[in-house]
Amino acid sequence: MGNVESLSYFVPELILTVAILIVLFADMFGMERGGFDLPGGAALLGSILALISHVWLYSQPATMLFEGMIAHDMFSAFFRGFFLLCTVVVTLMTMYSMEVIHLKKGEFYSILLSICIGMCLVASAQNLIMIYLALELMSLGSYILAGFSRRIGRSEEASLKFVLYGGVSTGVMLFGLSLLYGLTGSTDFSAIQQVLISSEKGIDLTAFTIFLLILVGVGYKIAAVPFHFWAPDVYEGSPTPITAFLSVASKGTGFALLIRLFYSTLLTRSPAGGFWVEVGDIDIDWTFHLAVISALTMTIGNLGAISQNNLKRLLAYSGIAHAGYLLMGVCLLTDVGLQAVIFYLVVYLFTNLAAFLVVIIMVDTQDEEGMNGVRGLWARTPIVAVAMTICLFSLIGLPPTAGFVGKYYLFVALLQGKLYWLAIVGVLNTVVSLYYYARIVKAMFFEPTYTEEPIRVHPVYAGLLTALVVPVLYFGIFWDSLARYARYCASLITY
Amino acid sequence: MAVGLEHCLVVSISLFLLGVFIVMTQRNGIRVLMGIELILNAANLNLIAFNRFLPNTDVNGSIFAVFVIILAAAEAAVALAIVLAIYQQFSTVNLDEISSMKH
Amino acid sequence: MHTYELLAWLILAFPLLAFVIQIFFGKRLPRQGDWVPVAAICCSLFFGLILFFMVIVGEHDPNFVFQVSYPWFSGGSLQFDWGFHIDNLTAVMILVVTVVSSVVHIYSLGYMQGEDFYDRFFAYLSLFSFSMLLLVLCDNLFILYISWELVGVSSYLLIGFYFWKHSAADACKKAFITTRVGDVFFFIGILMVVLYIGEFNYTKVFEAVAHGELTGWVLTIAVVCLFGGAVGKSAQFPLHVWLPDAMEGPTPVSALIHAATMVAAGVYMVGRLFPIFSASPAAMLVVAYIGLITAFFAATIAITQTDIKRVLAYSTVSQLGYMVTALGVGAYTAGLYHLMTHAFFKALLFLGSGSVIHAVHTNEMPSMGGLKKKMPITFWTMLIATLAISGVPFFSGFGSKDAILAASLEFGMTHWLHMPIFLGLLLGAGITAFYMFRLIFLTFFGEAREPKRYDHAHESPYSMTVPLMILAGLSVIGGFGLYGGLWFNHLVVPPVIGDAAHHAAEGHGAHGSALAHYGAMALSILFATGGILLSYLVYYKKKISAEAVAGRFPVLYNLSFHKYWVDELYGKTVIAFVMWFRMVLARFDNKVVDGIVNATAPALRGVSSFSGAWDKYVVDGLVNLIAIVVQAVGAVSTLIQSGVIQNYLMKVGIAVGAILLLHNFILRIF
Amino acid sequence: MEHQSHLLTWITFLPLLGMFVILATPGRAKEFIKQIALISTLPSLLLGIVMISRYDPAGGMQYIARHEWIRSFNIFYFMGADGISIPMIFLTVLLCPICILASWGINDRAKGYFALFLLLETGMLGVFCALDFFLFYVFWELMLLPMYFLIGIWGGPRREYAAIKFFLYTLFGSVFLFIAMIVIYIYTSSFDLTKLGAEIAGTELHTAVGLKWWLFLAMFVAFAIKIPAFPFHTWLPDAHVEAPTAISVILAGILLKMGTYGIFRISYPLFPDMALAFALPIAIIAFINIVYGALVAMAQTDLKKLVAYSSISHMGYVMLGMAAMTPEAMNGAMLQMFNHGCITAMLFLLVGVIYDRAHHRDIDGFGGLAKNVPVYAGISCVAFFAALGLPGLSGFISEALVFLGSFPVFPWITVLSTSGIVIGAVYMLWTYQRMFLGPLNEKYASLPDCNVREQVTLYPLAFIVVLVGIFPHLVLNLFSPTMSNLIDLLVK
């Protein structure tokens, strides 16, 4: 599809762009009236409008946009919705968060929105150049936002670690992309795939090396072992709304990228349908390699989380573990696996954002990120404690929360793929994870608090928390619609 | 002997490994940034060389390289800004000393 | 409804009803409701007598059996019924149980007056009566086992009636647990019978055994296991240890349960299941020898005991041994006859001793003496009982004991190897006469050794003496059942079911040869007289000093006085082992089984920055090892998070290199 | 589609309704909350009685409610009751009001306690009613959460440890059940527990013996932890000791039964051939449970721990019965589940009564109590004797049935297990002696006897214990036909 026609599919991104401009203007003229955060309001409105306009795109058939640069399919539509929803929530979080309240809000929101655009593009890119561009668009913004905190030392340290780590990772990935270009002579996915399909034997090692180099970049985004090192430090140091954003949206981007790039180049859809196979004569057991990474990721994530006392850091490790769970779905190379990943991502979005919202509330009201902050929380603010508990149980994967269903879906996919050993590793990890999630629950409910003084939760936060937790419960019981949605969205454009 | 693809690749891979070596060993933040630049340029060299020497390639390689150059500049700008902020905060750019968050 | 059925219902219903009323309302009734159980048991006695006369006199048929069965529940393929099995043996047992029970109930009115939990006592008595009557009336093994356990629990409750005394609390527990050991064997025996026969009902089981559905060594083991129940309940060696301790219960209880009825349940059971027992000669030998050992060995203990109730207790054990031996040698009629006579005179002895204890407030015979004048009724009735137990002619014990001796002699004559049975029993008879008269002499004759107690003593009230007199009468006339082919040995004969049982019963039984009969009679009279004379010389005339004799044979004396240290032996072996083993297991459970589980916890806790008392559980070597290994893994997982960025990059580099190498390596190999 | 019944739905979810009412009530109105809690358990009890009275033992699965739930995965909201679940449902609805009464003394954060308790009741009832595997699993896990909080917040001194241990342990088991459930679903595309057995027989899973073996093992581990079977039992003493009285009652009375219920409901019908293959190992574990549990119980000085270990021993009988698979044994096992539920509930209630007064549970710290608390001692006597299997009380019938049924199949194991009868008598009577007999410990000379509330909690159970002991067919007939169907399936 040509560039001009493509614009009609690009409305959400355009709205975001306009919103960015408005935010910048609003900030520039210092239009803050009655304490209302105007840039924030504009960003919020923009992202909500983008989200609404995005819904329309679902009804459009899958097609290529901008001369094949990006694809419009259900997969990218899903991720766009995912990122937009995430942006809406994070914007709301930011608007009332004490952590970033005195800083330059305009910059913050505009960068946030541009990151969102970058993410949307990553999820739909069909070209190596596009991928790199989009990735850098989101990465650069993330580096800056990570340093956007009033906890000055740690935030900057996080930012530095992030930029150096990210720079190296994307650099290595870029080197891999350049080799891929060299191997196939094209930057377009479909062309790459075609070349690889017709390639002769003997490029296994090259293909694997390229894959590995690219994986460094992708793995870093999804915080997969052994590329996860940045995550705990950066999560801890960043302003909490950004941590939430990174842990959900950034991770989602990583998965979108992994699936998009991997499934459309090194793999090809099997004629039998329902699963993918290696292209051409490349004889590499991708499933095994990804499965090993998945197992390592969840295990190290969970083990690392056990001894954490800082909630953000704990959630960072938990995020690593969940990346491992999600990788279980990716490594299967099946439709059901993709559906499970998509399903799980939706669940993860609500659950993790809600959990981080509780952390934000803790940080704002008590200036405490540690376990001490939640001690005796039940006595002080039962609603928040219960909400957090629901989130944690969802993260463990216990019914009747959506987390359970997400795990269920993942394991169905996994066992259909007969990856029994990974399933065992997965469930054992679930048991391990109970231990540290339950520690938080224990602190909230079983341990005495130093003060019984009730915590006043901002009504917006209370509303947002409810809005995030209710789906966690709702999808835990009535998840047929979500399952069908996941099935609907798990369709990549194929050639 | 004309310069061929192999020569370019040897150079680019050397550059890449050098960059990787630098980022892994150097304690100065600025030097790490320079290592990153080396890695990016190794990739650039690859892209250009493949575009130049391989048959059946589109021009996208060169275009890619241009984009990379631009983004590298942007990234360097961001990174340097952060390093600056770090220096104001810690009075050092030695990465060993910037490790308040660990384990 | 058939008359027998109705009678059986009535006999059972009254005590049960009394129990229920007494346990729930006893305290609120006038006189704490003591009249309820007494009235109930008297009703049972009344209907029991009717039953007895209807069966014994009315039917007068050795093969008379009345059966009625009601469905209870189905456990799947097995049908569990309950019902009544009434034959001559049942009729006799009903008579014994109701008579002794009624007498003891009445006696208790006086004896227990004013005690704490007076109402409870009568409730327990009713429960016991009900259980015992059910045991006697029931028609299958399952109900037999149930009632078997129920009498056990009533016995527990009654022995522990003075529960605030340590000794009573210990004794009731000991009684229940020791008998339960036997019960388990009994239960296994039932399991085996049911496994091979698939029925609980007596008649069907007997028929099946007769048809050879259960034979060979399986039958032997089954019978020995069944006999295990009798060993427990009837206090046979080596499970006899509970009975002397059970004397901690109130004396009427001792009389009712631990002398006359419950302990006879084992004997009754062997008699009831005689067709099964007799089908296995090997098992019968076991029965006979266990009985012999018990009879002789308990008698030797009784010689040196000073507690009046303990003497009677060991005497009971010994007499039960006689009955069991009798059944073992096939003398069905003699054994069960002795059961009946023993019930009367032993109940009398116990009640008499109760009367004495009531008067002098001590159990120790050395503190008594000369009570003959103070308590004439008690004295005379007890003397009658003593004569009966000693086997003096014209008293009931003579006939029954003589029959047993005759049967054992006859049995010994079949093979000389079995002669020790007869000799042991004969000697035992002499010893019995000796220690029983020792009791009489020490208690009622001589000077008052503790004048204070003596002065205080008085004859018991009528509620206590009347029962004594009734029982005394029965102790005398009870013996006439056997003489001259009267009803007992005519009616209570080994059940003839099938050829095997018939054959087994054929050789022996009470119809002994004249030689054996008269020979045994003569010898028994001789030995009894000898025992009495010796006792007279030692304890009345003091011609022979008991202390001197004891001093001459310290080993024998100590063996007897310390009851052969059987209790101590159990304490040092079985009980010590169980006590040790449970601690070992508990520690095992706490440290090892639990420890392994807990060890994963510190492991999962990573560097264990989290406080915990859990470590203390991790003590075992194995557990420690696991803990160290997994802890190390956990430590590594966070230690790699050094906080230094190039460290991270370095690790990523190494990891990528490693993956490449590994992959290459793997590719090469495959 | 057969006639739909809403009875089980009402039974299951009425307590949940009560929970919401409690949540809407201000936390200060403690008495009111307790009354609501009690009132919201009563309709379930009444409906439970209605359920039993209308139940036709020979009629197979009844009170069926089946609605589509998750179409994408063929998951149904499928409830129903047969002979296996009816006694368990009844036990649950019976024990819950009793436990609420037993919790009357809870005043610390009463709102949360009673709300969670009602949630727990719904979870438990759901487990027993569910006929869809997925639904079963959801309830199975759902039950964990309130239990975790109830132990962790209202428990004894080491409550946190006990709660997390319980949680970890049971979750460890259930994840294997989870995997097994999914694998079975993948082969059969069904969660219908009533049909899964037949469907498995029709798929390639039927011939994959190795996989079936693992699946059975996975499910067995899940259920064994709940039972709890040696060596997965160590969560139980801790959880029981630390839990508040009512929760101990629920734990021992109902939760333990879920393990054996799961085996009857799921493991056996789904993999009858594997059930036969596992019979001997289960029987051996059963033996270890019986004897080991009893011996370790004997070594305890904490009354509650003793009762907890006695539960391990008594659940061994259930396992022995289910391993033998003869009609008597299976009926005995099922009856033992019901009986143990009542008996052990009584025992824990009794422990709670004395703990409320003396504030300790050290067996040796009492003595001679029978003299001044006769009612308490009397009920204890009934409970203790029921626990040691005295004829006339319910425990005996089930134990006897188990032994009778398993003897033909495992003669040696059965004979060895009968030693449990003696050891059971030893520790029960010894405990009784140390607490109630002997000279009165003067410290407790003025100990008050059971009050009316406590008696109300104890008498119904004592009544059932006696009633079932004398008329076992009242309960046996409920499940006997169902069990014989199950046996037909197993030994086919």
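Order of writing sets the chain letters: A, B, C and D. Residues in each chain are counted from 1.
Going forward, a contact is a pair of C-beta atoms (placed from the backbone, for glycine too) under 8 Å apart; a residue touches a chain by one contact, two chains touch by 3 or more.
Source: prediction; values computed, not measured.
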Centrality ranking, top chain (CA atoms only): D
Separation of subunit B from subunit C, taking each centre as the mean of its C-alpha atoms, in whole Å: 95
CA centroid of subunit A to CA centroid of subunit D, Å: 43
Rounded Å distance between subunit A and subunit C, as computed from the means of their C-alpha atoms: 77
Distance from the mean Cα position of subunit D to that of subunit B, given in whole angstrom: 65
Subunit A: positions in contact with at least two other chains: 160-161, 164, 168, 172, 232-233, 307, 435
In subunit D, residues with contacts to at least two other chains: none
Shared interface positions of subunit B, touching two or more other chains: 20, 23, 32, 95, 98-103
Pairwise chain contacts, counting only pairs that touch as defined: A-B, A-C, A-D, B-C, C-D
Subunit A residues within the subunit C interface of the complex: 160-161, 164-165, 168-169, 172, 204-205, 208-209, 212-213, 216, 226-227, 229-230, 232-233, 289, 299-300, 303-304, 306-307, 309, 432, 435, 439
Residues of subunit D defined as touching subunit C within the complex: 161, 165, 169, 230-231, 233-235, 292, 295-296, 298-300, 326-328, 330-332, 368, 370-371, 374, 385, 390-392, 396, 400-401, 403-405, 407-408, 411, 414-415, 418-419, 421-423, 425-426, 429-430, 432-433, 436-440, 471-473, 476-477, 480, 483-484, 487
Residues of subunit C that touch subunit A when the two form their complex: 601, 604-610, 633-634, 637-638, 640-641, 643, 645, 647-649, 651-652, 655-656, 659-660, 663-664, 667
Subunit B contact footprint on subunit C (complex, rising order): 607, 638-639, 641-646, 649-650, 653
In the complex, subunit A residues that touch subunit B: 127-129, 132-133, 136, 139-140, 143-144, 147, 152-154, 156-161, 163-164, 167-168, 171-172, 174-175, 177-179, 181-182, 185-188, 191, 232-233, 236-237, 307, 313
